[in-house]
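Same chain, two partners: chain A is paired with chain B first, then with chain C.
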Partner chain A sequence: MVQTEFARILADPLELSRQWSREGRKVIGCLDSYIPEEFIHAAGMIPLRILGSTGNVTLADSYLPVFAGKLARSILEQGLRGDLVHLAGVAVSNSSDAVRMLYDLWGRHIPQQRAFLIDVPAILEGETNHRVFRQAMLDFKDELEKFTGKTLESAALRRSIAVFNENRKLLKEMASLLSASPPRLSAETYLDAILSGFVLTKEQHNDLLRQLLESSSGKTSENTEKLVPLHVSGPILVDRSFLPLVRKCGATLASEDLGTGSRYFWDEVDEVGDPVEAIVERYWNKITESYKTPMERRWLHLLNQIERSRAAGVIFVIEKYSDEDQYDYPVWRDRLRSRGIPSLLLDSELVLESEQVRTRVQTFVEIVKGGAFS
Partner chain B sequence: MTSAAPKKKGRALNSSYEAAIVLKDYWEGAARHRVEGRPVAWVSGNVPIEIFWALGIYPVYPENYSAVCASIQRAQEFCETAEEKGYSIDLCSYSRVNLGIVLGKGVDDPTLPYGGIPRPDMLVTTRIPCLPQVKWWEVVREHFDIPMFVVDATMVELPVSESQRQHYLGQIRELIPFLEQKLAVRFHEDTFIETLRLSDRAAELWLDIMDLRAAVPSPVGSREMCGNVFPLVAMLGNPKTIDFFSHLRDEAQQCVQEGKGAVENERIRLGWDNIPMWYNLKFFSDVEDRNAIFTYETYLRYVWGGRMDLNDPWTAFANKHLDVWLNYSINQRIKTLLSDVVKFKLDGFVFHQNRSCKRFSMGQRDLSQVMQEKIGVPSLFIESDMADPRAYAEAPTRVKMETFLEMLEAKKH
Partner chain C sequence: MVFVAGIDMGAKSTKAVILDDQRRIRGSSFIRTRPDFAAIAREVLDLALQNAGIKESDLSYIATTGFGRYNVPFRDIQITDITCVGTGAVFLFPKTRTVLDIGAQSTRALRVSETGKVKEFRTNDKCAAGAGGFIGRAAKYLEIEIEDVGRLSLEAAKPQTISSVCAVLAESEIINHVSAGEGVENILRGVHNSLGSRALALMKRAGLEDEVTFVGGVARQKGMIKALEDTVKRKVNVSDEPHMVGALGAALLALRRLEKLQQDKRTELRGLSAEKEKPQSSALVTQH
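Right after this comes the complex of A and B.
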């Protein structure tokens, strides 16, 4: 079953990439959603999204304070511990200040591994920023060409765009099965499918997604009729125990606008015209992450998702010390409230503390069900 | 701390007493501007300040206002209000103070220092010091529903590259018509260049003072200089800043010529990294009882007010605004600090691990390690916050500092 395959992959997310490098394939770890993975793919390498790890941080303590946040600290820990030693390089972009600092720290403490910096602006408005954004993307392309010793040909780029776009389409189809009434896909499977995509080749992922969609079409996911549909928002959700817990509380994920979810895959690359420019435009125009301005694209995406899924409430899963999301949260909460949509904030440090979360989600589900929200 | 020398009373430089007057004047000027219906912009650290003075737009600094609140022990109440509104205790405390005011009783609350913060017509900020600043301004915009402009920049390793300069100037060329159009003001290059001249003169004086503090004994310590820095942040281009800094510089120069130190019998020289604890500036002067002095701060030297070569004003303007400690890569910070620690003859360094200002605090461990390895200068880490006193643990911090000073003293023998 595809579901079992996803679970097997996620049990050791880096195993496949180790295998690839044993086979002589080059893998590039990507630390953010503004890395044009299509370039890496077209250069004959494999982009792998690095999402940290839930283990203890000890080595990285010597370089990053606790308030740099678990994601940045655990990625540095992985690097220092040698867990990522099989990667040909890592690509860092200007996301949060902490993740940006990883580029400097990589150069200082893991100098044997190539670190790329895609030095894009945070402000995605205005002609000047657009020019600089485009140039940063082109510089990255040049660096990749130097790194591999090969020019990125248009034909290869088009092939990569097609593979990535297919991946995005399949994931969007999956999202619509999830928010169908009744849902045709369980929330747990949906999350596993998305997370697997970060550590598989896009081709492998597409195969598995096709199988999943085939087996899910026409079917109704069991026991979902009485579950309250909820929307989940936040930068990252990797804790696979969270959705089963939500289910136990009488609710389920019906839609999301996660940084590691639909915000990552929603926008496609235009397949007409110059492929390099089309890739640049895709990243410039994509649904913004919390560490980019303007925020309105993200807000509209969140609203659209809620409308699609008819979610009765929103759970914000926000990483502790993720300033960008913590500033957004009260604004989003109030905007939702003015539309009569209740929301709940949960703190995460890549994992959600289960006992506290259970109580809070349970209470929230009761409120949503009882309509006691005002 | 145990007293080993007679305590020095009052300010080392008499001119430092002018600081409070300049500050009051600035905030009263802002209020007047508002009342007279002239444009007011809320701005943040490292915005292109000279543009505002040149255009007659009053630049109001909520960050400074938060620091003022902290220094009169009023920050905590506003932080708590912001937290009640849903803003995490882990966010920058300057922003929590400000959001506590804005979303609480409002900026016109008469019980506020200086009678309140003048309402903004416009918001301008920049990512040069940090990204949270931009997010904070987004919240403020949500509240006031007014136009906003953000100046972006990527981190630098000196010298500033041509592409970084062009990125900056390109945005300035967008900012000026934006301000003209939204606030009905007119940009005149001559006035701007004249403002740059005033700004540069103030920066020159300030850097002179900083350099004079490399003298042994040091003429003035950190506590006093933190109280003097404000015009360098907010009033570059305003002639009053030049007057004030001239007085300070002349006095400091005289002290150095006469070999007069802020601390009698100066024995230990210290450096400081990060924003000070505004509610506890006494931390700096307490060490003076041990014949020690804080005589160098990255915050006072590299965060505000660099020099400009006005033969090429626009290039100089861009260089100056991008050449900011918070925007330095870690390697650049190391390079700069190593040479300064030697120049200022520092015996030890204190890193304020400031939970509010993450961008300042990240990379400090590398600085400390390199400083120890390359030049044998030890450092101490204290964990706290620049404006939220709840993050400061008095007793353990004092013990740490005592032990550190004892260690430095022992090293001298």
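Right after this comes the complex of A and C.
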């Protein structure tokens, strides 16, 4: 069953990439969502998204303070511990101050691995910033060409764009099954399918997604009748125990605008015209992390997802010490409140399961339902 | 007469309240939480039954709450402590619209409706700096019995400032105050003031309304009540047994749940009897 396959892959997310490396294929670790993976793919390498780990951080504590956040700290921990030794390189953008610091730290403490930096402007609007952004993307392309000794031909780029766009279309189709009434896919399967995509080749992921969509066709996800449909928003959700916890509290995920979810796959690359420029435009226009994309565009994406799923409430999962997302929350909360949609803020450090989280989610579900046993 | 029970299994103590169908408290009990939650829940319920002078078989419904609410095998329903304290506080003080609950490990601020339903809530972080555990650590360092903390704090003439947001660092501040020769009562009041200002921030985020009710084990400390009133600049409601409000709320919700189930059953029975009469009735209609 494809669901079992996703779970098997996620049990050891780096195993496949180790295997690729043993087979002589070059793997580039992407440390955030501004890395144009199509360039890496077209250069004959495999982009692998690194999403940190939930274990203790000890080695990285010497270089990054606690307030850099668990994601950046645990990625550096993985690097220092040698978990990522099989990667040919890592690519970083300045999507946040902490992630940007990883570029310097990698160069200093893991110099045997090539680190690429994409200097993304502070906010993605305005002509000047667009020029800077475009040049940063082109520089990254040039660096990849020097690194591989190959020129990125238009034909290869078009093939990569087609593979990635198919992946995005399949993921969007999966999102529509999740939001259907009744849902045609369980929330747990949805999350596993998305997370698996970060550690599979896009071709492998597309195959599994097609199988999943085919097996879900015409089916209704079990036992969702009495569950309250919720939307989950935030930069990252990798804790697979969270959705079962939400289910135990009487609710389920109906839609999301996660950095590791729809924000990652919602926007496609235009397949007409120059492929390099199309890729640049896609990453310029994509809905993404707080403080890079103008606020109103992010709000519209959030609102569209909620309206699509008819979610009765929103849970914001925000990484502790992530100032960018913490600043957003009061604005989103007030706007949602004015539309009669309640929201809950949960602090995460990649891990969400605890009795405190369970009590908060259960109380929130009780509020959404209008009482403890409505 | 119908009886229900509410059991609140908190981090430090477990409480039980027994109510009758007129919403009168018929018995209660209070013991320390220890490992083997199921046995503790059994013990606290037995004590409350004894106190009420009834048998377990007289109970029609049992609701559990608190962090150990899932560990009571003989429960009928489990409800969060946030929902329960909201219900309990509004039952005791009907004009309550903001509830502050400070227990051993957690602090919660709630905005509630006139029926006690939670409209908005905020909780403290995992760290104990804003909860009763912090006072316990301070008392231990100062070699004061926890029962004496509230009285001593009330005697403070020159409250000291404890500014740190971290319980461990705050302990260093306490050590500095002791080294500087400050009186224990002034340091304890500083601890209470520190908790009061954190609680104010939490209440503001949840929505600070006119009438505030303070519940939870820490509300038994008179010095803490004074510190809170000074911080929020108004009188706050505190019941005689503020630590029992969660269990009371659980019992009230147990009764509400039981009444709803009975009402549903009556509706269902009425539906069935209406169904039986239907053919005859429709036959009459058809004839005309």
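As a working rule, the second predicted complex is superposed on the first by the 366 of 374 C-alpha atoms of A that agree within 3 Å, B and C clash if a C-alpha of one lies under 4 Å from a C-alpha of the other, contacts with A are read in each partner's own complex, and residues count from 1 in each chain.
As a convention for this text, contacts are C-beta pairs under 8 Å (C-beta built on N, C-alpha and C of every residue); 3 or more make two chains touch, one makes a residue touch a chain.
All values reported here derive from a predicted model rather than from experimental measurement.
By the touch definition at the top of the document, which applies to A:Q356: first (chain B), second (chain C), both, or neither?
second
Which partner, chain B or chain C, touches the larger number of chain A residues?
In the superposed model, B touches more residues of chain A.
If you stack the two complexes on chain A, which partner ends up touching A:A88: first (chain B), second (chain C), both, or neither?
neither
Scan A:E366 for contacts with chain B and chain C and give back first, second, both or neither.
Touch partner of A:E366: chain C, not chain B.
Based on the superposed arrangement, let me know which partner A:L10 touches: chain B (first), chain C (second), both, or neither?
In the superposition, A:L10 touches no partner, neither chain B nor chain C.
Contact residues on chain A for chain C in the complex?
Touching chain C: residues 347, 354-356, 359-360, 362-363, 366-367, 370-373 of chain A.
Which residues of chain B touch chain A in the complex?
Residues 85-88, 90-92, 95, 127, 130-132, 134-136, 138-139, 142, 150, 152, 154-155, 163, 167, 170-171, 173-174, 329-331, 353, 355, 358-359, 361-366, 369.
Within their complex, state which residues of chain C touch chain A.
Touch list, chain C to chain A: 67, 77, 79-83, 106, 117-121, 123, 125-126, 253, 257, 260.
Where on chain A does chain B make contact in their complex?
62-65, 67-68, 94, 96-98, 100-101, 104-105, 107-108, 119, 121-123, 125-129, 131-132, 135, 290-291, 293, 295, 320-321, 323-324, 326-331, 333, 345
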